[in-house]
Amino acid sequence: MKKHIRLITPITTKGSWRSEHLEALEASGCEISVTEIDAGPASIECEFDEMLAAPDTVAKIIAAERERVDAVVMDCMGDPGLRAAREAVEIPVLGPCETSMHLAAMLGHRFSLVTVLQRLRPFFENRARQYGVYEKLASVRSIETPVLDLESSAEATAHALTEQAILAVEGDRADVILLGCTGLLGCAERVRGTLVGKGYDIPVIDPLPVTVRIAAAIAGVGLSHSKLTYPTPPEKPTIGFSQPELSRR
Amino acid sequence: MKKHIRLITPITTKGSWRSEHLEALEASGCEISVTEIDAGPASIECEFDEMLAAPDTVAKIIAAERERVDAVVMDCMGDPGLRAAREAVEIPVLGPCETSMHLAAMLGHRFSLVTVLQRLRPFFENRARQYGVYEKLASVRSIETPVLDLESSAEATAHALTEQAILAVEGDRADVILLGCTGLLGCAERVRGTLVGKGYDIPVIDPLPVTVRIAAAIAGVGLSHSKLTYPTPPEKPTIGFSQPELSRR
Amino acid sequence: MKKHIRLITPITTKGSWRSEHLEALEASGCEISVTEIDAGPASIECEFDEMLAAPDTVAKIIAAERERVDAVVMDCMGDPGLRAAREAVEIPVLGPCETSMHLAAMLGHRFSLVTVLQRLRPFFENRARQYGVYEKLASVRSIETPVLDLESSAEATAHALTEQAILAVEGDRADVILLGCTGLLGCAERVRGTLVGKGYDIPVIDPLPVTVRIAAAIAGVGLSHSKLTYPTPPEKPTIGFSQPELSRR
Amino acid sequence: MKKHIRLITPITTKGSWRSEHLEALEASGCEISVTEIDAGPASIECEFDEMLAAPDTVAKIIAAERERVDAVVMDCMGDPGLRAAREAVEIPVLGPCETSMHLAAMLGHRFSLVTVLQRLRPFFENRARQYGVYEKLASVRSIETPVLDLESSAEATAHALTEQAILAVEGDRADVILLGCTGLLGCAERVRGTLVGKGYDIPVIDPLPVTVRIAAAIAGVGLSHSKLTYPTPPEKPTIGFSQPELSRR
Amino acid sequence: MKKHIRLITPITTKGSWRSEHLEALEASGCEISVTEIDAGPASIECEFDEMLAAPDTVAKIIAAERERVDAVVMDCMGDPGLRAAREAVEIPVLGPCETSMHLAAMLGHRFSLVTVLQRLRPFFENRARQYGVYEKLASVRSIETPVLDLESSAEATAHALTEQAILAVEGDRADVILLGCTGLLGCAERVRGTLVGKGYDIPVIDPLPVTVRIAAAIAGVGLSHSKLTYPTPPEKPTIGFSQPELSRR
Amino acid sequence: MKKHIRLITPITTKGSWRSEHLEALEASGCEISVTEIDAGPASIECEFDEMLAAPDTVAKIIAAERERVDAVVMDCMGDPGLRAAREAVEIPVLGPCETSMHLAAMLGHRFSLVTVLQRLRPFFENRARQYGVYEKLASVRSIETPVLDLESSAEATAHALTEQAILAVEGDRADVILLGCTGLLGCAERVRGTLVGKGYDIPVIDPLPVTVRIAAAIAGVGLSHSKLTYPTPPEKPTIGFSQPELSRR
């Protein structure tokens, strides 16, 4: 009865997952497999990058359904190609942005998302609006660090995140902090530690692990997205993309 | 590492859980215990009932935290006393209304909630507004059956739910159906079967089982509600209620 | 033709009314009577307190209807049990929070509510959303003084209120100030005096007296709340509460 | 201590007030005087009419303040010149549209406004949005009768209002009915009678009498509109209008 | 095929147009004529002024339609009488406030409007709400200079505008600047120059020229406003205004 | 001074433009050139198609900027890749969906969009929300005709559009009709003719021609989108796409 979750990293470099992260998740009772894409950008930091990442991400999700995985989770807070992917498959496809924004909305009055670059503020505000949780968004803040520099400057990253989280609480009246990039995996505990030390006992959400678990929960009860919202794409000639064939019932 | 979830039935009659439901949930990897309240109404069908159910529900949640359960889930779509309970404890407390409304918002463009009595429409619309997902709510519909009659008329209940679900899809343009009473436990599959037969391949959410699993997911990653939104109540004399003492750090 | 207004103080200590306040109101042409509750908290400062205050508040409102008073006003900005009370009776029941928020919305572009404790900010923001006036709310500010300390530190209270009112005008662009606790009765004039002295000729609303007069106005023209929104609760067994019997027609 | 309320009928024909209406209001403890305008349209049924009615309405309000009345109420659901009037004077100026929309929002979950002409729907929806109560508006309905025909067809008017009120309840899920023209004075009781007979025990608001009483309540506690929202107009040359001089402090 | 646009300056002093402005617009392929009003205020700086400006503005628009111009543009960010004018005529009538707010909404995530006087903030926020673009409005800022002083202090005006524009970008997170008075004609280039020099490459909208061009575009494709929203006013006696007769089909 | 507008048809089949359409637009004073994409779908009817159309559409827009055209207009109501394109270039890029939704919002109280397939309803509702005009959207309706069948069934298409437009006016209270697919080019006149015949004198917007003219108006006054909202993408390795190099200053 173990659910098999496929994690898709929608960039052409390696995601931020380490084997210990996967083991921790598998310990919770699901099986995890990981795929990266073959065509697309090295990292996703703007709408342009997301546009180039989406086609192969969706191709990998179609392939995952054929391999009979139970659910797919994207390893990127941009949720690239989420709506197209849901049109293309019937298994649950979860984006960490949509999932963790809803979770953040549940855990407190308003949440702030702390991400890598200030240029993503309009992007995340639009996402919150589309996902229906805009009224729960206190602010979008950033640490001004490019995605591919996050790992090499882990110490500085954690420090900057904490600084922005405190400003979010004190200046924007955030009640919950949501880390706004899956490349920040593993930083939540440290940010929360400092916040609690300052008297702010609030959740700091690391979006990817909890999205994987919620994907397992959804697959576990047999739910998936609505095919009225996401009907299968009509068949038609397409030039220049070799998308796997869609299953049509 | 198994998480222990306490299910609180906030009425003075038995909840709708059968042993097979609990076994199915425990098979997903958590431990479940169930408590009913000692003081309160026989069922919850209006604001007045909810008001009377809340104090002992919260008392039972405080007791659950002392017994070191990992998370609490209320067995009622009214989420009675949810905010007061979160003030009183630090472990995650999930209401099926809040949790399943957010889930419904994630699975499709708009959802309809089908509940027992039409008089609850303002109640659920207010809940959706407070939970921040009002824009995703297509409609609230009802089958006009009192809670305590649901079981004795299981056949009629399922039939009426399906009828309202079809009206929600065709008339209100719902993309997702959310069953609006935990007493409807077990009806989702049948409603969905008929919808799929009519060409509407959409999720029908049975709120309680998925809320239990999401509670386990949240507890599993060490998250809980924000104590900035839900700070511990100040100590003060109270007459006429024997609430357990709150833990104060 | 004088209307009889019952003032319900929903705490087990005395409300902030002095005989001169009552006399001033009676001079406006209505009769006032006052009741406190027997079971509940000593003051209301959080959702937990409000939950414990509601059942006996509603019981006292049911009793007031039986005694043929013309309308009821709650003496607490939490409006505890307002919706349950309206289900239970047919005479107008007014909460000062709902009433004065609508009044504040009428008197200027946006209003700020200045209350006793910062922890009540999410509470009042949720109230404004539920009452339908959220877009008119500029901010919720607080003086960080527990309710039961207000009287002993009247000087400090007035000073702190004025300070927050100025910040609301200059920082949050409030056009109207609403005092956010009925325990602040009598402070409005002084706050307004200082504001006018600084060139801010704006209303400062003391919520309770104006709510009493609006209750008399509503009762005077024969209006009350909608029984479609607030239908009488269904009869059912209840354990542990001795609510007066509801009138059922 | 009696408050003197000036009723301004912003049209060049007589308002719908009869002496018995005024006597009923005066019995509630205030003094009423009535003025019509000298320049403007015979009735107000569109934005064009309202534009022509506003300048002399405001002139009459400035004159009323000079005559030391305590508050002004407009006798028209268009609230013509309301904002300009509030800039021009310091005494409370109440429009029945703003006041009764807020009252309707307080008495139930959502209200419908039933007015004279369908062409006014965008007008009233815009008013509700500007007044901050749009979310509480269920619908705008009309009886398609020109204002100046209302009196001559009183029977037909009441019948048509009742018909639309029933459609509002059954079709638009209104919980409260608001009569959308002050020329409908006196019809509320009859409409409500029929609604109650059909099992819909809901308020039907006759906007003018309750606005007069609320004006008296506001003046009685010494409140008025915010001069930050409505500052006195700057002095400047104006051609073609003989507005009374404004009081400038 | 050249379109003839009539520019109506709704004040009794001269507008801010110079012949070089008109020539520049005519070079774009339309014919421009200009009219001022005969009755009304010397400038528009509040709701009171706007009320006095509207009747003759609309009279001039009715006259323009009779003279067979193709479209009318108001030379005032107050859009005085816009809705009444659209009721009265069938040719397109564009207000620079409505038109440039929609344009600003299209060019970036959120815009700030920088106007002459702080007292106009509620006015413009209400306009944005009525025009349906409130969510795109970052802030309303002002330079605190009366309209009739703008020209004599052109240097100071440009400096103050730039200062407020920078505060809008850095403090309110505006992505687009909209000049909030047509008397600021010609200042946009200079404000943008300084912004670009500081690294903010954003549009600064001078509302009038672009509104004229969009009016020509709309007239060019044969569109106009909806007569369902703006039906012709009913005929009726009116005292004190000599409005031109409306064309009635 | 003629502005050169590049029309990009984001599909791999020919757009719906005929030479007479281009000539009509050029007669208005601009120069038009047209490009189709080389990689992508044959038509755009869902999120999946749009995803595949975007990368080459953006590549063609980058190329257009290099060829020094003055502005770009997409020939598709999906506005595919609009945000990515604006990041990539500095000349104005207009999508007909965003532009004509704002225009529709200006011309009447609420508009309905009539498109080809019902499955696009969530898509267009999300677009309206993101563009900030959701409150002006009355409904999305469809004629259930695939894009590539539109031309072969021109008669049936016009008939079905008219039918849906009437339902939008009578059932959804639309004041303006917006044709929701650029493949419907040329149908507006006929739909409007029938509507006027039924007494509904309302605008029917053919989105593409007016978007081209508004693009010329915007380019004509030297405006473009905000580079704070749409900053140039960071340089990074990308696999599988040969996007033209971006201009970086």
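Observations, loosely collected:
Lettered A, B, C, D, E and F in written order, each chain numbered from 1.
Note that in this section a contact is a pair of C-beta atoms (placed from the backbone, for glycine too) under 8 Å apart; a residue touches a chain by one contact, two chains touch by 3 or more.
All figures in this text were calculated on a predicted structure; none of them were measured in a lab.
Any chain touching chain B that also touches chain F appears here: A, D.
Counting steps between touching chains, the shortest path from chain A to chain D takes 2.
The greatest centre-to-centre gap from chain F, using C-alpha centroids, is found for C. When chain centres are set by their Cα atoms, the one at the greatest distance from chain E is B. A separation of 30 Å divides the Cα centre of chain A from that of chain F. Chain E has its Cα centroid 52 Å from the Cα centroid of chain B.
Annotation: 44 Å between the Cα-based centres of chain C and chain E. Multi-chain contact residues, meaning those touching two or more other chains, occur in chain B at positions 109, 122, 175, 229-230. All chain pairs that touch, listed by label, are A-B, A-C, A-E, A-F, B-C, B-D, B-F, C-D, C-E, D-E, D-F, E-F.
Put simply, chain F touches chain B in their complex at residues 121-122, 125. Across the complex, chain E meets chain F through its residues 1, 27-29, 94, 98-99, 102-103, 105-109, 131-133, 135-136, 169, 175-176, 200-203, 205-206, 209-210, 213-214, 216-218, 220-221, 223-230. Contact residues on chain C toward chain E in their complex (touch as defined above): 109, 173, 175. For chain B in complex with chain C, the residues that touch the partner chain are 12, 38-43, 45-52, 54-56, 58, 81, 83-84, 87-88, 119, 122, 126, 129-130, 146, 148, 229-231, 233-234, 236-241, 243.
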